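Chain lettering (A, B, C and D) follows the sequence in which the chains are written, and residue indices restart at 1 in each chain.
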Amino acid sequence: MTSKVVTMRDAIARHVHDGDTVVIEGFTHLICFAAGHEIIRQRRRDLTLCRLTPDLVYDQMIEAGCARKLVFSWAGNPGAGSLHAFRRAVEGRGDRPLEIEEYSHFGMVARFCAGAARLPFWPLRDYMGTDLPRANPLIREVACPFTGERLAAVPALNPDVTIVHAQRADAHGNAQIWGLLGVQKEAAFASRRVIVVVEELVDESVVRADPNRTVIPGMIVDAVVVEPWGAHPSYAQGYYDRDNAFYVAWEDTSRDPARLRAYLDEYVHGVADRREYVAKSGGLDHLRADEQVCGGVNYGY
Amino acid sequence: MGTSRTDGRPDRQTDSPAHTESGRPGVRPSDRPEYSPTEMMAAVAARELRDGEVVFVGIGLPNLACNLARATHAPNLVLIYESGAVGAVPERLPVSIGDPALVTGSLMVASMADIFQSFLQNGRIEVGFLGGAQVDRYGNINTTVIGSYERPKVRLPGSGGAAEIAIHARRTLIISRLGLRAFPERVDFITSPGHVARGGSRRELGMPGAGPVKVITDKAILEADPDGELALAALYPGVTTDEVRAGVGWPLRVRDALRCVEPPDAGSLRLLREVLDPDGLYLRG
Amino acid sequence: MTSKVVTMRDAIARHVHDGDTVVIEGFTHLICFAAGHEIIRQRRRDLTLCRLTPDLVYDQMIEAGCARKLVFSWAGNPGAGSLHAFRRAVEGRGDRPLEIEEYSHFGMVARFCAGAARLPFWPLRDYMGTDLPRANPLIREVACPFTGERLAAVPALNPDVTIVHAQRADAHGNAQIWGLLGVQKEAAFASRRVIVVVEELVDESVVRADPNRTVIPGMIVDAVVVEPWGAHPSYAQGYYDRDNAFYVAWEDTSRDPARLRAYLDEYVHGVADRREYVAKSGGLDHLRADEQVCGGVNYGY
Amino acid sequence: MGTSRTDGRPDRQTDSPAHTESGRPGVRPSDRPEYSPTEMMAAVAARELRDGEVVFVGIGLPNLACNLARATHAPNLVLIYESGAVGAVPERLPVSIGDPALVTGSLMVASMADIFQSFLQNGRIEVGFLGGAQVDRYGNINTTVIGSYERPKVRLPGSGGAAEIAIHARRTLIISRLGLRAFPERVDFITSPGHVARGGSRRELGMPGAGPVKVITDKAILEADPDGELALAALYPGVTTDEVRAGVGWPLRVRDALRCVEPPDAGSLRLLREVLDPDGLYLRG
């Protein structure tokens, strides 16, 4: 089989188009900032951005003007404050409007589950007594055909493209992830196109040695990008720690549109690729992970 | 749940050991070590957790409370984070709900689909922690918007997992500092339902969990009366009923059997300050 | 926390009662014959037995008179023929009636998914054009509240007790499984009580060293039984191979009720526990797995 | 799809290379090595698989066919088993659909919930193999009961994953030996729907997959006409139309452009006999 390995530039150019519904998933862990930055550099427009937690990566993309709409369930800077580009847009203080479609985490997870299963909806017991269905008419009800009970229902989310960061994959995109799994698998299966970005490209034999570790099969992957440190300032278990100082500093950076744009000019537009970003960020070596390697298991028979 | 009184004075009997929150003998104000309201909130929340329970943990004070409980009376508490870490034993203070320290050495990593479906919706979570910008008379919480949804004055982060924790956890604990902006009579938006939401009571609306059993503030503990309205149930040492009333945007009921909450003991304070949050990241508030 | 480790005898005595709905899951892999044999020895009656593939273990329990009803999706002897005790009962040639409730694999999987999520039903796109809904009125329809499309729906399966065989667990029941996963996790979460049976009891530190390998958390487990070779003649990846000769021989054994009962007398009633079964079976050493150990991954940060 | 003729003779043009099933030059009867009908079925099924396709594999002949294709023209075939093994490369002949040899060295182990929801229902399976006790005029398959469901003469194993494979795989291949009991006009029970089931056609019933594109028998290949009825489309060497008709319980249509199927080449036979099934476990039939 021919290799799917391409540069980030080529992957974004080929698979992310203006107007697309784009998912860069990863719950705290493995958020692919490298892809977000490349989308900003290539000046994509009118994207519908979906993520449980927009996080800094979508705050940057909103400020950069990539987003027409945001689909989400928690839009804060985890442990550190607000996403101010998001807030400016939603509070009517920004340069351009931002449409929002809002769920809870469970609702977003359920949307990805429906998408991955190619069902039009997913049932869940949720939202009674909340104002969320009032704010979002796509939160509906379905009656159980056995008990008559009325449950909540959310529609499938089937993105045009999902970008998943993983610790490692082979050249066909068979990707292995450990640590927090988020909704990476569901988002990838729900998507029309899938880009897998990895810290490390490994031989197929590494994947085949531990098949229970594989989260995303190559057969659903369109492109593989090898991008060490690609998840910074989020983290990759076993590779590097979360850059908490960056998250804390974001509160002040993003609160001031001029500073935020200066940041984008320097760290996104001002670099050609991730390698330059890492160099400009001082190498990031202080974040490199300690060794805490688990034992293997026997696949013999 | 007991009745409420309105004279604003704690019941005299609350000094007796049987009525202190921890069940241990009461400590006179003059004996107690110095502590901050934040430390008090963490200690009070920790006491609410029983050994062996399964707790859905948040970052900040809930995390401190859970780890304080683990280090003291509840060594077998099972900590679950919405990010997927089950049985976490963080070796450092987690600064995000998906901190890598929650994974390393945990019992299990579950996908978020499993966390919400097989753990939470399944009814396996005994205690959930909630907080938010606004908590109202019935324990409803708003973490979505100040002002109208369409044209918000302040856009808050939104639900995250809070709506479903509020609905499914067998009981919830709300942690919030008193204040008129934080405790309005009616929240601007119900993100996480308490006892009486628009449309009916929890039972009428089919919510599996019991809802907020306690609201742990910086001055007192509020509990829901049978009709779902929050009432002042216990005062922290040195706090008067009027001080609590001043921090709540509705005419607050006061229980007849008003309890007096014991302050944190020296051991808990040492754990909080020296082990759990040595940099004062969350305790400094 | 106090240990949950008990003998198989005690686990079955305490957790499996006459009239219970019982699941012994494991798809080809990790089928807990040791538990099935103990249920036969303790002469449980009127059980509703559920499994995707009843396999030899339920054929034996049917012949032994434990079952009132069978809920299933494929009732054959994989690669080797029929389950003749099952066939005699269903074809009206047996000693006692056997009620059946029949789905396809996907239908059974969906029932366990609903059970694990504590939803009353699960939607799936299935069964159109088949006669299965005619044979089983519990296969119904549900309308999507977004598209109006009519999908199939099956009801939740929430067993009284589920017995899961795993390679290893700690004393609290935190169980790790690799190789085929079947519906073990879903069945365990769907169940009121859970018995975990393991090849190997390990220290909690072994589980905590590789938390992504954990399939069933101890918090949903009621009893842990340590029973090496407990899945024979099925297999445990990394421990022992499937005893294919046993499956092939079952065709003749089960075809003749007298021979089947002689088998039960000798290998089930005639032994006190699994240790004696293994000894009587000649030690089973020829099935012991080769070593094919995978590498570990780094959980550091 | 072509039209059908009823004179029972293969079209003359079928000897031309362009019309042989494999696309390679036809081999005259006298040149061909000896082979059994079972070997022919395995070889014919292997030719139906294109390199890089994702195949839902069964035990027995489908497994042999897939591994023969992998060893010859389709090295990148992705083999998926309903048991959860994805990208399996079995080092021995698997004797059950959950053989440990399917796991060792595979690309991924998926839970069965994922196999049925995220792979099959998702539309990721390009080819599915089906077989069964009865195949009818429209390619419907019965693996449930001979006789009535309530009082069966013979109780068969049931669906397993066949019903959903029949519905969702983009196309299916049916493998079955001809015979009046195996090919009745109407199956006693539709376990896996073909082209026209009770209630309507596949499209009317909302089935995503195209259904059975070929029925590979021990004597010939049947294909569905546009109205869904199976017709004789290609004969194996040395087989007459009448022989095929005798093995089918309805008046069989015969295509005008009746093709002649090339026998297995020596390389494929050697692979089947010496590498893939050296003990003749499935080829002996």
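Quick note on the criterion: a residue touches a chain if its C-beta (ideal position, glycine included) is under 8 Å from a C-beta of that chain, and two chains touch if they have at least 3 such contacts.
Since the structure is predicted, the reported quantities are computational estimates derived from the model, not experimental observations.
K.L.:
So the centre of each chain is just the mean of its C-alpha atoms; given that, what is the distance between subunit B and subunit D in Å?
P.N.:
Roughly 62 Å separates the two chain centres.
K.L.:
Hey, how far is the Cα centre of subunit A from the one of subunit B, in Å?
P.N.:
Distance between chain centres, rounded to whole Å: 31 Å.
K.L.:
For subunit A and subunit D, what's the span in angstrom between their mean Cα positions?
P.N.:
Measuring from centre to centre gives 41 Å for this pair.
K.L.:
Can you list the subunit D residues in contact with two or more other chains?
P.N.:
85, 100, 103-104, 109-110, 117, 121, in rising order.
K.L.:
Indicate the residues of subunit A shared as contacts by at least two other chains.
P.N.:
Within subunit A, the residues that touch at least two other chains are 118-119, 124-125, 149, 178-179, 181, 185-186, 209, 212, 235, 237, 241-242, 289, 292, 299-301.
K.L.:
Once you draw an edge for every pair of touching chains, what topology comes out, line, ring, star, complete or other?
P.N.:
Shape = other; not a path, cycle, star or full graph.
K.L.:
Can you work out from the touch definition every pair of chains that touches here?
P.N.:
A-B, A-C, A-D, B-C, C-D
K.L.:
Mind pulling up the subunit A residues that touch subunit C in the complex?
P.N.:
118-121, 123-125, 138, 140-147, 149, 151, 153, 155, 167, 176, 178-179, 181, 206, 209-210, 212-213, 235, 237-242, 289-301
K.L.:
Give every residue of subunit B touching subunit C within the complex, in rising order.
P.N.:
Residues in contact with subunit C: 52, 54, 76, 78, 85-87, 89, 100-101, 103-110, 114, 117-118, 121-124.
K.L.:
Which part of subunit C faces subunit D closely enough to touch in the complex?
P.N.:
Checking each residue of subunit C against subunit D gives 27-29, 52-53, 72-76, 78-79, 82, 86-87, 90-92, 102-106, 109-110, 112-113, 124-132, 134-135, 149, 178-183, 185-186, 235, 237, 241-242, 244, 247, 289, 292.
K.L.:
Mind pulling up the subunit B residues that touch subunit A in the complex?
P.N.:
Subunit B reaches subunit A through residues 59-60, 82-85, 95-100, 103-104, 109-113, 116-117, 120-121, 140, 144, 149, 151-164, 167-168, 189-193, 197-200, 202, 205-208.
K.L.:
For the complex, which residues does subunit A have touching subunit D?
P.N.:
1, 116-119, 174, 185-186, 189, 204, 207-209, 211-212, 214, 217-220, 299-301
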